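Below, each structure is written out as structure tokens.
In what follows, subunit A forms one complex with subunit B and a second complex with subunit C.
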Partner chain A sequence: MNAVTVVEAPRTRRRRLLRKRFLRRPVAVAGLVVVVGFVVLAIFAPWIAPHSSGYTDFNHVLAKPGGRYLLGTDELGHDELSRVIWGARSSMQVGVFATLLAMVIAVPIGMVAGYYRGWIDAIIARATDVLLSFPFVILAVGLAAILGPSLLNATLALGIGAVPVFIRIARGETLALREEDYVPAAIANGASDATIIFKHILPNMTSTLIVQATVTIPTAIIGEAVLSFLGLGVQPPETSWGVMLQTAQDQLANAPRLAVFPGIALVLVVLAFNVMGDGLRDILDPRTTR
Partner chain B sequence: MSTPLLEVTDLSVRFDTDDGQVHAVDKLSFSLAEREVLGIVGESGCGKSVTCMSLVRLLPETAHVSGSVRFEGTDLLTLPMRRLRRVRGRQISYVFQEPMTSLNPVFSIGHQVEESLRRHLDLSRHDARARAIELLQLVRIPAAARRLGEYPHQLSGGMRQRVMIAMALACDPKLLVADEPTTALDVTIQAGILDLMRDIRERLGTAIILITHNLGVVADVADRVVVMYAGRKVEEASVDDLFAHPQHPYTIGLLGAVPRPYEGEGTRERLQEIPGRVPSLRALPTACAFADRCPRADELTRSEIPEMREIRPRHLVACFHPGEE
Partner chain C sequence: MGGFLIRRLGAALVVLVVASMLVFLGVRAIPGDPAIALGAESRDPALLAQIRHKYLLDRPLPVQYAHWVWLALHGDLGVDQRELPVAHTIVSRLPITLELALLSMLIATITGIPAGVIAAVRRGKPSDHAVTATALVGLSVPHFWLGLLAIIWFAVDLHWLPSGGYVGWAHPLDNLKHMIMPAIVLSAGFSAVLMRQMRSSMLDTLNADFVRTARAKGLSERRVVAHHALRNSLITVTTVMGLQLGALISGAVVTETVFQIAGFGRLTIEAVNQRDYTLIQGVVLVATVGYVAANLLVDVAYSLLNPRIRVS
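On to the complex of A and B.
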């Protein structure tokens, strides 16, 4: 199996090159660290959070930060730190799954439109334009209101809300990529339409999709906060940053910290995704990789 | 002569564009025997590329193709798409002009060579890899096993064209169509690629259609030549015959425009150009398309389309006034 190890070398070299280019961007690295941190919090919330999200301590209502509860408690005696950690779980879940859902629905549609063009493209592109004329959050709020409040429905609503953006991107990329010389070369080699779409065009747009995902995930996270704030998302005893912000509203005068902590978490995650996305865009752009 | 490998009869290609029809190829006929190398020469826009694309229906839907293209007796122009796909790449494969962009940038060379092996021959991953190494060696890529894992951007233009040829040869096709395979390459690299083409014919017995505007390339590799002008065949002969006894004034003009720096012992002659420009292909001509540029043109030339005539054995010319200078 000597040949295989030799063969693998350039691929790992390319990976190492990409890693090096990424590591040279400290802001992007910081973003990545924060994102990974929140992902870890989200996955291991049951083990990391000191208390469950529904835990209440009526003897220590509105406790100040420090002491027994690191970030204090809210007016029902919920541990703020635990709630922020559990909130990370809801946010990440919604952000990631809504984005995946949007991609799974939108990318094939967009590619079909871009590849075949003609009437099918006209229909898909115009429908996308119509949907894009609604602000993303309004679309999601409308859908969530129809579907009913729950974390799953919020995910569905936000995922569907993000579909038009991904259709537009997949379509645009396909339109450009189908003109590449390797497409007729593949056709001349006997490739079917499906082979060309999935084996030649899709892999060439992955970097664009990844970069778009780093924009859509934080948008969906904010969207989740908005829906939960409006009572259309996560329901108690489950919690999320939006729910926390909503409950903090009543205590804004005497305990503003209750809004500050989830607010900081939200800003931090969104910012981290964005700077990480910028870094990824820089290193993944094939025009600069050469 | 036994039945030819490829027989093209009355092939016409018409494009419907916004400002009218364009007759890119008009009633073109030629045939190709097994192991034969046919050169198709002509200026840009004379329909060479369109001809070769239409053989396995690679043209966009705006093209109307008529006539017949018989490959081993089957008409490719009416073959159902599913069966045609099995001909493409398996029986007839292509090498295009642009080696820099004809490879998919996100896959390794090995992956791309293996892809058509797996698609057409249903080879296992392991066998496909072994065969891919063989192919890269065949097209004389050094350190073939190591190159398999490299990506297109890591290779030079000449190397990429070799990879393209390796891909084209992957399934041992009967016919290789090479559309200006050397145009985008340096002269030294060109020679290597042409040498490789000759070698392929010798060793694999692959018939080759070589499309080019470079008569030097044709002289180097081809057995027989078809000269095209404005979508029509104007002359066809064996290479030796064509270069020794060109009959059509256009062919004579083309040969006159080839630089010969080593001939004439100091008497540096000015290259002869062909006056005028290629006619528009928008209207179906009613006369010889070359008439406006031809020194021998007369009333007859301007009023009728010349028929193809065999003026010497296996030497066809479409001209009212054929003959050497």
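On to the complex of A and C.
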């Protein structure tokens, strides 16, 4: 009897295993579904939202939810539902770009520190420690003062704010990975430092970086809402959940719902990222796998 | 211990020098004549010349920087657009923010630590799940939204508490009435982090050898938890406090905006909205100094609690 054995590449096998493990965690899967939902909203906002973000209906100011406007309208007659959908755009944009920016700056620095060690590592580690919890609002205040408040500058502030965490992680991973057998092997093959760092060490820390990204994205999303709420981020008439909450502040007594809907969207997306990230960490971290 | 303190102090000083340089250069990176900004937007040539002379704007940058630091060390941060001394404004606003911060740290500590301990001791039981879920929500819900909801419920609907504003210590009860809601809101995130950290560090220590020894000696479970495990876990709390300082400062800015408290945090935002550069410069400098100083304090507390740190 000839058994036909299908030989799977180790990478495919690992992926299949990870997917299986992830699907066994219903909460994490629910998180993923919600995240994907918001990404779709953000990308297809012009087609999904009933109205444009600047649409105003002066005849239906502060309309109650239901009827023509599912979630009602605000004090300028903006359709609340449309603005929540458009707001997903700013949030996702800031979340993703701030995280990417942080990675692009931090990962090379962290890898250099972890790979070469010595004095350069000492300096980088010390600077990272100091910056690790520097209040991002103060940083954003400084940037807004110099460059003026905008979505872009909020993204910059949040991205720079996330740099120290990524430096730490990249450094720690590199310290561990450079002891792996394939590093001396690559050196023996005449590989340059750059080749070792980017071809051998970087690919092996991607899963850790991805897990950290799922933590950084929601943090940046909250950060954007906070900065826009404070007037340091997105500027009206552009919209974001933070801007909506800022304007809702004046209507707390007669239309508290205006402060509720964007907040729910915000919490939902942040919670979804958090539980998805927890699930990813569980399946990617060998120490917690059962 | 002495060596450790001196090293930490030295590092803090270096950070302060670098930070002050960044603040100094930041304001000079803004397009326009700094003399106009420093002189409250006045165009009077005599006044501008006087300001240029006072702040040495006609001299090279390093000289200007040294002079600026010298003035700052003597409590002179310039005057804002309303020609009020910036240092004075900051000093008058700081106590309000400090009260808010201390109150919220107190609330976070008395809720977060016991909840984390209970969750760890009753691992896997309903109370553990309740604490873990509460912490997750506490981390996911942004302060300012929580603040808005609190205003809707407790001020608008129930009329229990004022929706905002600040009353001085001359009226202690009124002061507390105004501060309690903002303080609870600000404490939410910190409390959640404490719960999580306490839980995981207690779980670690409860499995440690010295705890097993304590149990083997026949000590009651309460004594084991309170005297052996908890004491060791408190080191973690100090670390968390250090890492949360930045969040606390950011949180104060936001909370003061939501509850319309005219503290240091609100001043920061006012400064940006008014594009008052002298004020921004002063506020950012003071915030950074406060941050570095508080970090230093946490480090010292940490080394007192954990002798292993001092040696390394």
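Keep in mind that, in the parts below, the second predicted complex is superposed on the first by the 261 of 290 C-alpha atoms of A that agree within 3 Å, B and C clash if a C-alpha of one lies under 4 Å from a C-alpha of the other, contacts with A are read in each partner's own complex, and residues count from 1 in each chain.
Criterion: contacts are C-beta pairs under 8 Å (C-beta built on N, C-alpha and C of every residue); 3 or more make two chains touch, one makes a residue touch a chain.
What you see is a predicted model; the values in this text were computed from it and never measured.
Visitor: May I ask you to decide whether A:R126 touches subunit B, subunit C, both, or neither, giving the answer as first, second, both or neither?
Guide: After superposing on A, A:R126 lies in contact with subunit C but is clear of subunit B.
Visitor: Classify the contacts of A:F44 with the two partner chains as first (subunit B alone), second (subunit C alone), both, or neither.
Guide: neither
Visitor: Look at A:Y182 in the shared chain and tell me whether it touches subunit B only, subunit C only, both, or neither; answer first, second, both or neither.
Guide: first
Visitor: Touch check for A:R14: first (subunit B), second (subunit C), both, or neither?
Guide: Touch status of A:R14: first partner only.
Visitor: Tell me which partner A:H200 touches in the superposition: subunit B (first), subunit C (second), both or neither.
Guide: First partner only, subunit B.
Visitor: Once the two complexes are aligned on chain A, which partner has more residues of subunit A within touching range, subunit B or subunit C?
Guide: Between subunit B and subunit C, the winner on subunit A residue contacts is C.
Visitor: Between subunit B and subunit C, whom does A:A225 touch in the aligned arrangement: first, second, both, or neither?
Guide: Only subunit C is touched by A:A225; subunit B is not.
Visitor: Between subunit B (first) and subunit C (second), which, if any, makes contact with A:A191: first, second, both or neither?
Guide: A:A191: touches subunit B, not subunit C.
Visitor: Given the touch rule stated above, what does A:I146 touch, subunit B (first), subunit C (second), both, or neither?
Guide: In the superposed model, A:I146 contacts subunit C only, not subunit B.
Visitor: Kindly list the residues of subunit A that each of subunit B and subunit C touches, one partner per complex.
Guide: The answer is that subunit A has no such residue.
Visitor: What does subunit C use to touch subunit A in their complex?
Guide: Within the complex, subunit C contacts subunit A at residues 11, 15, 22-23, 26-27, 29-30, 136-137, 139-145, 148-149, 151-152, 156, 163, 242-250, 253-254, 257-258, 268-269, 271-273, 275, 277, 280, 283-284, 287-288, 291-292, 295.
Visitor: Which residues of subunit B touch subunit A once you look at their complex with the stated criterion?
Guide: Answer in residue numbers: 56, 58, 85-90, 93-94, 96, 98, 101-108, 110, 115-116, 119-120, 129, 133, 145-146, 148-151, 153-154, 164, 167-168.
Visitor: Mind pulling up the subunit A residues that touch subunit C in the complex?
Guide: Those residues of subunit A that touch subunit C are 126, 130, 132-138, 141-142, 144-146, 149, 218, 222, 225-226, 229-232, 245, 248-249, 252-253, 256, 259-260, 263, 266-267, 270-271, 274-275.
Visitor: Looking at the complex, which residues from subunit A come into contact with subunit B?
Guide: Interface residues on the subunit A side: 3, 6-11, 14, 180-182, 184-192, 195, 199-200, 203-204, 206, 286, 289-290.
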